[in-house]
Amino acid sequence: MADILSLAADNLLSPVILSFILGVAAALGRSDLSVPEAAAKGMSIYLLFAIGFKGGASVADHGVDGTLIATIGAGLVLSAGLPLVAFNLLRIMTKMSRVDAAAVAGHYGSISIVTFVAATSVLQGRGISSEGYMVAVAAVMEAPAILSALWLISTGGSDRRMDGTLLREILLNGSIVLLVGAFFIGLATGQDGLASISSFIVAPFTGVLCLFLLDMGLVAGRGLRDVRGSLGYGAVAFGIMMPVIGSLAGLAAALLIGLSTGGSVLLMVLSASASYIAVPAAMRVALPEANPSIYLTLSLGITFPFNLTVGIPLYVTLAQLATGG
Amino acid sequence: MKTHKAKRVVITIEAIMQKRLTDALESAGVTGYSILDVIGGSGRSGPWTSEGQISRASGMVQVICIIREERLDTLIDAAFDVVDKHIGVVTITDVEVLRAERF
Amino acid sequence: MKTHKAKRVVITIEAIMQKRLTDALESAGVTGYSILDVIGGSGRSGPWTSEGQISRASGMVQVICIIREERLDTLIDAAFDVVDKHIGVVTITDVEVLRAERF
Amino acid sequence: MKTHKAKRVVITIEAIMQKRLTDALESAGVTGYSILDVIGGSGRSGPWTSEGQISRASGMVQVICIIREERLDTLIDAAFDVVDKHIGVVTITDVEVLRAERF
Amino acid sequence: MADILSLAADNLLSPVILSFILGVAAALGRSDLSVPEAAAKGMSIYLLFAIGFKGGASVADHGVDGTLIATIGAGLVLSAGLPLVAFNLLRIMTKMSRVDAAAVAGHYGSISIVTFVAATSVLQGRGISSEGYMVAVAAVMEAPAILSALWLISTGGSDRRMDGTLLREILLNGSIVLLVGAFFIGLATGQDGLASISSFIVAPFTGVLCLFLLDMGLVAGRGLRDVRGSLGYGAVAFGIMMPVIGSLAGLAAALLIGLSTGGSVLLMVLSASASYIAVPAAMRVALPEANPSIYLTLSLGITFPFNLTVGIPLYVTLAQLATGG
Amino acid sequence: MADILSLAADNLLSPVILSFILGVAAALGRSDLSVPEAAAKGMSIYLLFAIGFKGGASVADHGVDGTLIATIGAGLVLSAGLPLVAFNLLRIMTKMSRVDAAAVAGHYGSISIVTFVAATSVLQGRGISSEGYMVAVAAVMEAPAILSALWLISTGGSDRRMDGTLLREILLNGSIVLLVGAFFIGLATGQDGLASISSFIVAPFTGVLCLFLLDMGLVAGRGLRDVRGSLGYGAVAFGIMMPVIGSLAGLAAALLIGLSTGGSVLLMVLSASASYIAVPAAMRVALPEANPSIYLTLSLGITFPFNLTVGIPLYVTLAQLATGG
């Protein structure tokens, strides 16, 4: 316990997390500090490219062990399955409509790539290595949760929510394509490729992450400010409980598969985190009647800060205990 | 200089629906439009801004069509199908245009 | 398709006054508006462009409200209080809107 | 509040022609205008978007002038000279303006 | 004298200053070279974050000596007092209206953070160290000058120019919040924090500054071109005299307090420089009848280039003579 | 031959080229991946500044040999002359109107600076050095081709296409001014200047080039998708033949002048590449009746990818054979 607390304190005292907190504080204090949309999108492209490339180069270097297929499979199952857990929990803990609950549930099955990136940077800071292909697992976990959420709704009525256009949009959304594409470029060019661009994608990475999290903090803080009070206590409690439940499911899967300590942490983080890029967009198209401020505030305003500050150190400690790493 | 009567239709719609809307317009034979970025606003679902956003879910655009009066209904019908269940404001204004041969 | 008469009010104002204007609109009960970025222009104080600017002092925006005719005066009064001493152009146009239930 | 009749002219034109157009407007004594960025569109030459573009050749802008009715023809003539051979849509709308002393 | 000239020549021949000159030349030649607004704002966020963080980390490292409080106090007095000097000088040297003169005066009491950044990079190039907390002094000097300017106007009439909203906007404007926030992050995470992001905020810093000054040059040159002739000789002379007067006031304060040579240079630069971010915005709100092209052209078109090219080497030489450093 | 193929394979397997291919694939697959306009423009400013500066610093270091003037002269002749070749080839191989053919011809006389940058990064990867002033040659080759294209049209009719404004726009367009300006800054500040900003303009250069080419791939792919079928076989064949012809003309000139192997490659690349920044803009102004989708698709959709993937390795091999380097 003391360990978790000191880990958490350590984690909180990093420039990355403090930048996020600065952003939240600035937004709550109604400062006009803001990052231009194009700069924020530019940084997100940088982070996705860098994390994908490094994952691919690491697989090219260490090779793929037998657990790759199993982990991908586990990712698919977690992404598709966790929305069912989330949906039922929401129906019990809150008064949300079926549609809102399904939309929120979809977010929690899917993943937040920034939380994943922050976790890799914590692992790196502690010298804990992880399987390079976890980036690919992150990619496959984005979409199934959306299908589960739409299935949850379609069981209630008869209208088709999913069409070919939407399916293509989900599977080929920009962040998946960039992450997977960079992964394959890293895989194809290996350590030579990495060496040629490491002073771009490795050295300044943590610094860019600071500014990006400053921006995420501003957006999250603005969301919290605008809808303060629009989420009930039940929903807020869900936003903290659900990631813990997800992380435990991820840990169970990691133990079954036999992932390394670092890999276990990352699978936990993927399961625990909630999407705020791909899934909100899909929900706006497929479930326009769901209230975006509910799912965006929960995902970005509650669960994302929780994971960043308390969640990641907690998952690291749990994974170390469970894997003996 | 001689001008001609026409209609200016402005459709304010979520950015994620833009492609669906312009596809519908093109299917209906409306191939002339311009798109403006909306950087913030407010409505029944509260205020929003595009500042610092990376989510594809946020953000709106304005699709502007200058169109001959006789083709207005086709356009409106096509747009309505897409806008119907979605957030969206559709306005129509009388305008004069130069160079009507372009429409 | 049935349309309804309404007014389209466009207020071109300095970016630094945007929050004051929208706060005034909201106090007056006007909660529907969209904001466009103005990237340059010219007026009595000469030409300007937003290119390469970092100063919060430069730049203008357009605040666009679609509003029922009977609520126009409330809006204009609220806007005028803010725009009065400041740079700002306010125009009002007749428009037809789809889905009047939204206003 | 008292309003005054005026015209709102919107000229959608290629970004590379913007300077030529505003120079022509200024020569004709039209010094009030605002510029909006057009981020995409479609016309006889097909669809386009400004996403990821670095070429100066792509992209369009909207030049918006609020002008007294009696000066409209001057403006239109000046604009037409520039727009003539080029891509460009010119629309004119009746508007009411506050604070007519500004025009 | 020969020393100052050779220092000035040295300074002029740096990539940073030449980039600024390139920008001015391109704008005066009516080239269409331009930096997108979002890129310029992105660079300014980077520079503020980096300079704030490095200041905080330096204080964490070297500790705070007894002069901190005194220097902050001096900064407040200089920021509040210099507008009175500037106002009277303007009323003597030019025919500006009271309102225009007050607005301009507010700019000269406040500070230009980019001039400050350029000065730190000159000091670093010469191996002159300075107190890390000078960044905090820069932050406290932004706002008091605005209050002085408004006070100058209110003594003339009776209307209230300042309200709660404006005060919050001034004190929590984005650049102050970012600078101070980054300072505290640097203070909290110290040299470890700095090490983790130094390949982002230290190594590429001078290069980013070049591109940023290229943009500043474009904006300043455009301003000069558009209003050529709108400023009289008196105003132009003011734009060159006032920074020198300010720098001497700063030097006097630095000697009283006993700052290091580097710290003295920075306090001189802060006193000598004129704001073009926070103050213009406040003036547009509080004094809409003041002509923005006067204060923007003076601050960005005359004083900023003067400080960048001639001023900084001059202040370095004076500070070295005065402090014996 | 086997050599060329292995070189080409090597080239294709670099992160830079794979990033371009990823962009093309994402666009053809209709992914919504996109780079914000401001970020793309920001990167292009970075690349122009860095390549110009490095060229200048290299000239400052190695001095100018007697071939400088000759190479500049050759660049002018190639830029002005190649459009005539291209125009006649187009009139033979395609059914394009005179105006369209002239517009396209102008593009092929001028240069693509990104192809040039990619070639310098290939040369650097192979340890082949080149004359630093080739950057200046690139700059002088931008404009003459435009004048040739307009001359081709004016021989047909009588209307004046060129006026003072357009000429100034062409000669002072942003990319030329930045490239030449950065070249002179590099020349003036030399290796000291380079050292002070090398962790900005040298170290991360290849990485930025990857993201920039990702964007170019997206734009090129979108162009290909939108006009698929609008170019006949003749035009496509031209888009591949013309760069090879251009490169041979460039090689002949390089041999006459006695350039190094690296310099020969770069002159070949300049001759082989087609503009898609300066020339399209000039053509929209001067020849509004020419169809932009023809020249943009040929230049960016056919010739650019050809040069990037097959052309550069081919030119390297040819230059090595011819110069014995």
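Which chain is which? They are A, B, C, D, E and F, in the order written, and residues in each are numbered from 1.
FYI, a residue touches a chain if its C-beta (ideal position, glycine included) is under 8 Å from a C-beta of that chain, and two chains touch if they have at least 3 such contacts.
Chain identities (UniProt): A, E, F = Sodium-dependent bicarbonate transport family permease; B, C, D = Nitrogen regulatory protein P-II.
Since the structure is predicted, the reported quantities are computational estimates derived from the model, not experimental observations.
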item: For subunit B and subunit D, chains touching each; value: C
item: Relative to subunit F, chain with the most remote C-alpha centre; value: C
item: Type of subunit E:subunit F copy interface by residue overlap (half), same or different; value: different
item: Label of the chain whose CA centroid is most distant from the centroid of subunit B; value: E
item: Length of the line joining the C-alpha centres of subunit A and subunit E, rounded to whole Å; value: 41
item: Shared interface positions of subunit F, touching two or more other chains; value: 32, 34-39, 41-42, 173-174, 199, 203-204
item: Junction residues of subunit B - those touching two or more other chains; value: 36-37, 47, 56, 93-94
item: Pairs of chains, among all present, that meet the touch criterion; value: A-B, A-E, A-F, B-C, B-D, C-D, C-E, D-F, E-F
item: Residues of subunit C that touch subunit E when the two form their complex; value: 14, 16-17, 20, 45-47, 49-58, 85-87
item: Touch list for subunit F against partner subunit A, complex; value: 13-15, 18-19, 22, 25-26, 29-39, 42, 125, 199, 203-208, 210-211, 214
item: Subunit C residues within the subunit B interface of the complex; value: 1, 3, 6, 8, 22, 26, 31-37, 61, 66, 93-99, 102
item: Touch list for subunit C against partner subunit D, complex; value: 12, 36-44, 47, 60, 62, 73, 76-77, 80, 83, 89-94
item: Interface residues, subunit E side, partner subunit C - complex; value: 34-37, 40-41, 44, 165, 173-174, 215, 218-219, 222, 226-227, 276-278, 280-281, 283-285, 288-289, 291-293, 296
